[in-house]
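Chain IDs A, B, C and D follow the sequence of writing; residue 1 opens each chain.
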Amino acid sequence: MQSESPAILSPTQSDLLSRFKHVRATTEKLCAPLQTEDYVVQPVVDVSPPKWHIGHTTWFFEEFVLDGNLPGYERFDPQYAYLFNSYYEGVGKRVVRTDRGNMTRPSVEEVYQYRAYVDQQLECYLQEHSLPAEVAEKLELGLQHEQQHQELLLYDIKFILGGNPLFPPYRARKAAKEAAQPVGELQFLPMEEGVYEIGWGADTQSADAQSADAQSADAQSADAQSADAQSADAQSADGPGRRGFCFDNELGRHKVYLQAYAIADRLVTNGEWLEFMEAGGYRYFRHWMQEGWQWVQEQGIQAPYHWHRIDGQWQRFSLHGLEPVDLQEPVTHISFYEADAYAKWRGLRLPTEQEWEAACRKHSPAPPAYANFQDSELFEPAVRSSGNRQFWGDVWEWTGSAYRPYPYFSEAPGPVGEYNGKFMINQMVLRGGSCATPRDHIRASYRNFFHPQLRWLFSGLRLAKQL
Amino acid sequence: MQSESPAILSPTQSDLLSRFKHVRATTEKLCAPLQTEDYVVQPVVDVSPPKWHIGHTTWFFEEFVLDGNLPGYERFDPQYAYLFNSYYEGVGKRVVRTDRGNMTRPSVEEVYQYRAYVDQQLECYLQEHSLPAEVAEKLELGLQHEQQHQELLLYDIKFILGGNPLFPPYRARKAAKEAAQPVGELQFLPMEEGVYEIGWGADTQSADAQSADAQSADAQSADAQSADAQSADAQSADGPGRRGFCFDNELGRHKVYLQAYAIADRLVTNGEWLEFMEAGGYRYFRHWMQEGWQWVQEQGIQAPYHWHRIDGQWQRFSLHGLEPVDLQEPVTHISFYEADAYAKWRGLRLPTEQEWEAACRKHSPAPPAYANFQDSELFEPAVRSSGNRQFWGDVWEWTGSAYRPYPYFSEAPGPVGEYNGKFMINQMVLRGGSCATPRDHIRASYRNFFHPQLRWLFSGLRLAKQL
Amino acid sequence: MQSESPAILSPTQSDLLSRFKHVRATTEKLCAPLQTEDYVVQPVVDVSPPKWHIGHTTWFFEEFVLDGNLPGYERFDPQYAYLFNSYYEGVGKRVVRTDRGNMTRPSVEEVYQYRAYVDQQLECYLQEHSLPAEVAEKLELGLQHEQQHQELLLYDIKFILGGNPLFPPYRARKAAKEAAQPVGELQFLPMEEGVYEIGWGADTQSADAQSADAQSADAQSADAQSADAQSADAQSADGPGRRGFCFDNELGRHKVYLQAYAIADRLVTNGEWLEFMEAGGYRYFRHWMQEGWQWVQEQGIQAPYHWHRIDGQWQRFSLHGLEPVDLQEPVTHISFYEADAYAKWRGLRLPTEQEWEAACRKHSPAPPAYANFQDSELFEPAVRSSGNRQFWGDVWEWTGSAYRPYPYFSEAPGPVGEYNGKFMINQMVLRGGSCATPRDHIRASYRNFFHPQLRWLFSGLRLAKQL
Amino acid sequence: MQSESPAILSPTQSDLLSRFKHVRATTEKLCAPLQTEDYVVQPVVDVSPPKWHIGHTTWFFEEFVLDGNLPGYERFDPQYAYLFNSYYEGVGKRVVRTDRGNMTRPSVEEVYQYRAYVDQQLECYLQEHSLPAEVAEKLELGLQHEQQHQELLLYDIKFILGGNPLFPPYRARKAAKEAAQPVGELQFLPMEEGVYEIGWGADTQSADAQSADAQSADAQSADAQSADAQSADAQSADGPGRRGFCFDNELGRHKVYLQAYAIADRLVTNGEWLEFMEAGGYRYFRHWMQEGWQWVQEQGIQAPYHWHRIDGQWQRFSLHGLEPVDLQEPVTHISFYEADAYAKWRGLRLPTEQEWEAACRKHSPAPPAYANFQDSELFEPAVRSSGNRQFWGDVWEWTGSAYRPYPYFSEAPGPVGEYNGKFMINQMVLRGGSCATPRDHIRASYRNFFHPQLRWLFSGLRLAKQL
């Protein structure tokens, strides 16, 4: 089964160079609205200072690509490895994670100098040398890694600004918000019982299930086929992800057996969430995991993160500043505990990650052009457009699956092997990307993961049920 | 698929009565070696005072069976519900869990009086009334519940005595320990790719996989078929578990697709564990989950729980007192983190719970007569006998599966619905029962679960690998 | 100034023997009402299991008196030193303090066997050998030490029983409670400015202040002179304390200069405390130390410890069980923070320990016969009798003085030097003894001390003000 | 006794204006070497971000001087009160202390704009209105308050930079360090038994003690009289403190009786501290407070704060960067626990605050010209010059006195009453000022106070003994 070719195909170096420039420039563009002070702080352990992201993504290229590969390369400052290593035990000591927000030096300016130095060295390397395949793979990994940090940067910036009593906006909306259209009733997309292929490189479905399913291709999915598919990259079975790249945790294409189920055709909205709140959802234990209920009580949780009750109205902090809660928008900044309790309150459940992936491959195999990713520069979830099933973008969807290895999973040798595997405990999988995800970073097989109590990310939910 | 009949068949009342007497008497027999003082303390939050177990299992019958059902029933003491409720939010307030070990009253004697009162009332109820089906089901649940607490009692007693610098034995060995036979090399039992049925009431395998597998039925499994099967309850596809009972978390027989794999034919031994320790297993980060490594360092973990380095030798506290570590015995009192790190160090992995169940159904569908359960009164894992695959008894086997609901899982209405579902987060599944499990309490579909850092239970591991 | 003779005079051995028997028997009598279970638990770190007190006071004699002194003495069990050492770093390792409540063995019966063994050995020692002076001093110290533990035993028993939802009484009142007489208005006893002597062996006052004071000896103190003095031990300038003994922290008789002040003629009552509560005393920050206010808010403090609001009424748990709060009784189980806030709310303050001692030496130099000590076997504070200034017994009085060394303080050499000195930080001094203090254990110079947030002791307060 | 005139005399407004400008400019000068990033962080709860100090000292003037007093005054931003209130419960809610380091907005630039606005308004107020006496007093309090924050700023800057692995200097030394002269043997200055006056406005000694002392004025103190006194402000019995100002905690001039004692003529040096370290001072429990010993073990304390063992040598981080430890300099950055343990190890003790004050008034009634204060811009303790008794400047001296109110202490009405009184628990008094203290801010009666485990301040010690 484990027959896919090596995960990281070697693109041409010129492709790599142009991608490198683009990704690095994007990070800097995302930081452009920040003031120097915003770069420095770490309000909670999960949030890293933007300055640290800038340095850490740079260090990744220095440590894994340049050092020892580019002949004559000298590190910008040997102490920076200590400052900007995140969690790689294999490459030495590092500033403890809780201390990142205490490091006022190097200054923001110096970190950007470090960044410029590494960029210039790496561009030379790409232009003047032929990179061995394994170095090119590390470089590709570095780019994917930096895209992940772009997303974290947006979460962290939102957390830093949103925790400030002045509620400063990150930047103004590019266009005035239009009056929201009423989102229609939730529909369920049925999925047939059978064997499905899961993981990077998977076909949509195994033969049997596919043929069965073909017969049930009904009017309900017709608009999806016209709408969602219009921008589909026909070359890629895995959506818009860079052809050839996936993380190790997606590898091991394999079969799963799914019992018949149905999955909602859109995300849960703020309006639906308010019904839960008004029905006492946060005050009654019955729908909660025991650890979730304890968390709700200890933390005094009463609403999604970034929601504030001001003058009798629910407002939410967005990257555009405080705004009234929009009932049509997908709910976001909720924990797994909240998503799970909500689903139970509705008498439903979350889909597993396999159910999500199979349904996505069937109903929205590639993101439609209007999907709301980082590239849209909206930076908040959008109201569902007509026909949009929202499998892609807007908010990461909590699934009911714990983050555990796929059957053929094995860690890469060396420090990069610490990338994913060592986190496969006590976390839950999320799928689909968000308004902070770069469009070319996501795929149907992409597995994101967070602890069940976290909610500073753009997280939301889609409902499912057994048939 | 979800077609099984109601989980709890109504046995005759006379059966129930004799089972009730047996289970209740067994609990008291397990407590017989205790001194009054041993009943009272709670050294850590996970360990409950034996007195509390005695009262809590009694309260369960009073709360869910007698109260409101037996005409004219009066509670022994209305305040006991507050004292002996464990975690049922639905039936009122309770002593916070961390305070159980501070309750010196009611005294041990008074708790036994309470127990006798409820026993006498319940026996009357059974003898003089016809129990409605749903009450009989609650009674059966109460018996299963008490058997679970018997097992916890043994863990807790071992923890309480083993944390005392005097290392007092719980009771002497019934027979002198025999010289251990060398346990042979680890063999792997191959399992074919295909669809398997999982959950209570499942057949061993689906038709296709079964036929494929039939062809590969090799010599290796022959001894298992002769040895393990000799005491098999031919009536029960689920092993020796009481026909008709399972917990809600086992329900929803369903199909899974397993890629080809192999599973070890026995448990990992103390001798093999010592090799890991001597190779620096506890000092090198590479094989550990990130949270496991943090746990190892913060807690200073260097060996399984209950192991002590005394005069240059490893001894382990057993319920028979301090004894030298026996290299042939299965290792026990290890956390999931340790089991997982050990497997990675060997270049292998833990089986998933589905893999475990499928292999168990094939290679040892029912526990052999010599399997080491609570009924053996050894109360410690035993060295593997010839042919014994140790799927049953000795130690609970950590699997690689997070404890999450099966596809058709739904919680029972009312307070008993809190039994399993609300714990399905941040815990890992264990399979197979232990030397502290009553033989008639276990089945192939039985799902035990604990947090990954816990190790006061009789936990161990079996290795697996992909083929 | 430091001219007093050695603190511990050598009494005759026969005196010592009879005192030894009396003190040891008293401890056992105090424990007589306990059930075995009550002996074992440690609900909070400050509360030790009664079993531990029984063993620890015994160990003190074994460690410091018998071992190495009584020829041929063999320890009852060498491991007991590890189990029953409290905090003496100088005599080896010990069970960590928070683990005392997890030690179910040795059993209560075995600890009493240990106790009997040491008693028998020590009685032999006293009867058959001539004790060197320094050994006799350690023996005397051991008796004083055991009397301190008698008092702690009563606090701890009250805490253990009072934290149980069944509120079991320790024992019934010896006599029915009489209707309380209204306690009269608070009067203030004036004290002249001048130099006073403080510490063990101090005269009441220096010459100058005394003569000045003599002139102001007014009618107000007359009843005290008649009432309080009637049972005064004329031989002892330091009250009823055993002639010749004091703790090292009382040594160094020295002069202090007190500005003119006045001190209340009785303790603050429950009725007065209720006024504070009803005026919002626990809800308004203004009268609280900053750390006290934080403590009130974090712990949700709303009333003295052991008070419970039941059916709209304030009840308090006493060693006789739950009883309505008696408005005439001295308030007790309050922290320093509460005492201090109350005094400020009244526009007054607590006396310093020097002010307390000077006033006590003048107005009530020795405890009156009717003072309420442990010997009364009431075990709760009593309503003030006519003329009783309550300097002695009932409740320990928080003073405004931090527990710091007197000018000539020096620690004894050897492990007993750890007795007092190392605790002289972050604690406040209390004076006067309580209903749990043995009458022959207290003196005017006696310095008790606790952390400012503690309140499981019999603590109360007396008001003072500057003149 | 409480006869002194109101603590804060009204200086002329022109004096106030020039002082206002000077103090405000000094704060900004102290911050000049900072980079923007350095202004933002709060590595531990006791350290505030420099930006917060800049805003908080400004808010103090806005809140207590301008608002409600200057006609027509409008706050710069009403939300700033919430951001920059420190601990005044009486003036509304505030950012919790642990969150100060998470506030990236207002930016440093905006906080300086706020500062400029308040400065400009306050200067107008002083130039164009006649300030009521109580407002002028608040203004004076604001200036003293800002001087205290100047000192804290230097501690906090040192902590922030010293915790960075790059060890960036705050600024270079103004002059190269001279080779240290050997500091001579410690001498003890004897002090006669008797009554002394303590507190603001106190004469050196009471008549009796003074005359006695006059006879013992020996050669030993002669150099002090010539050296230390040369710059003495003959007008002020309280040293160089602004005539007329003291904090409420110094008020209540009163008499104390001191037994004969002697006090060291200089501070303990780094060289003497190294002897303690090399003798195992941090590894042996005997000289430590019990809570201090626990702190040493839990925190792994092995040397003063800011000391680092690098390549086998002790270096210390100073505001000039990393430097070798200078054996002649006074030791600094030690906790009370360490100071107390050191003194006991030497068989000596710390002076009480009263002993310190009496000795200072006698031997060095006013700071000599060469005393090392903030004004010297050395910002680190200096080696003792000939004749300098170091009562003034260099390092705050831990005394053996707990911080408690003086006899006549009363809190001011209104929010400023929260200034000192509510901290009088669990803290120890320090005396004499440091290299970070403005020269015109200190006096003989000045009482500084910190918790016994803190050591990020410039703290040191002077030894004493009983005679």
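Going forward, a residue touches a chain if its C-beta (ideal position, glycine included) is under 8 Å from a C-beta of that chain, and two chains touch if they have at least 3 such contacts.
What you see is a predicted model; the values in this text were computed from it and never measured.
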- Task: Touching both chain B and chain C: give me those chains, sorted by label.
- Result: none
- Graph distance between chain A and chain D, where chains that touch are linked: 1
- Task: Between chain B and chain D, tell me the centre distance in angstrom, where each centre is the average of that chain's C-alpha atoms.
- Result: 63
- CA centroids of chain A and chain B: separation to the nearest Å works out as 38
- Query: Which residue numbers or ranges of chain A touch two or more of the other chains?
  - Reply: none
- List of chain A residues in touch with chain D within their complex: 35-41, 43, 51, 79, 82-83, 95, 99, 101-108, 160-161, 163-166, 168
- Query: What part of chain D is in contact with chain C in the complex they form?
  - Reply: 1-2, 87, 89-90, 193, 195, 254-257, 259, 261, 285-286, 288-293, 336-337, 349, 400-402, 404-405, 407-408, 422-426, 452, 466
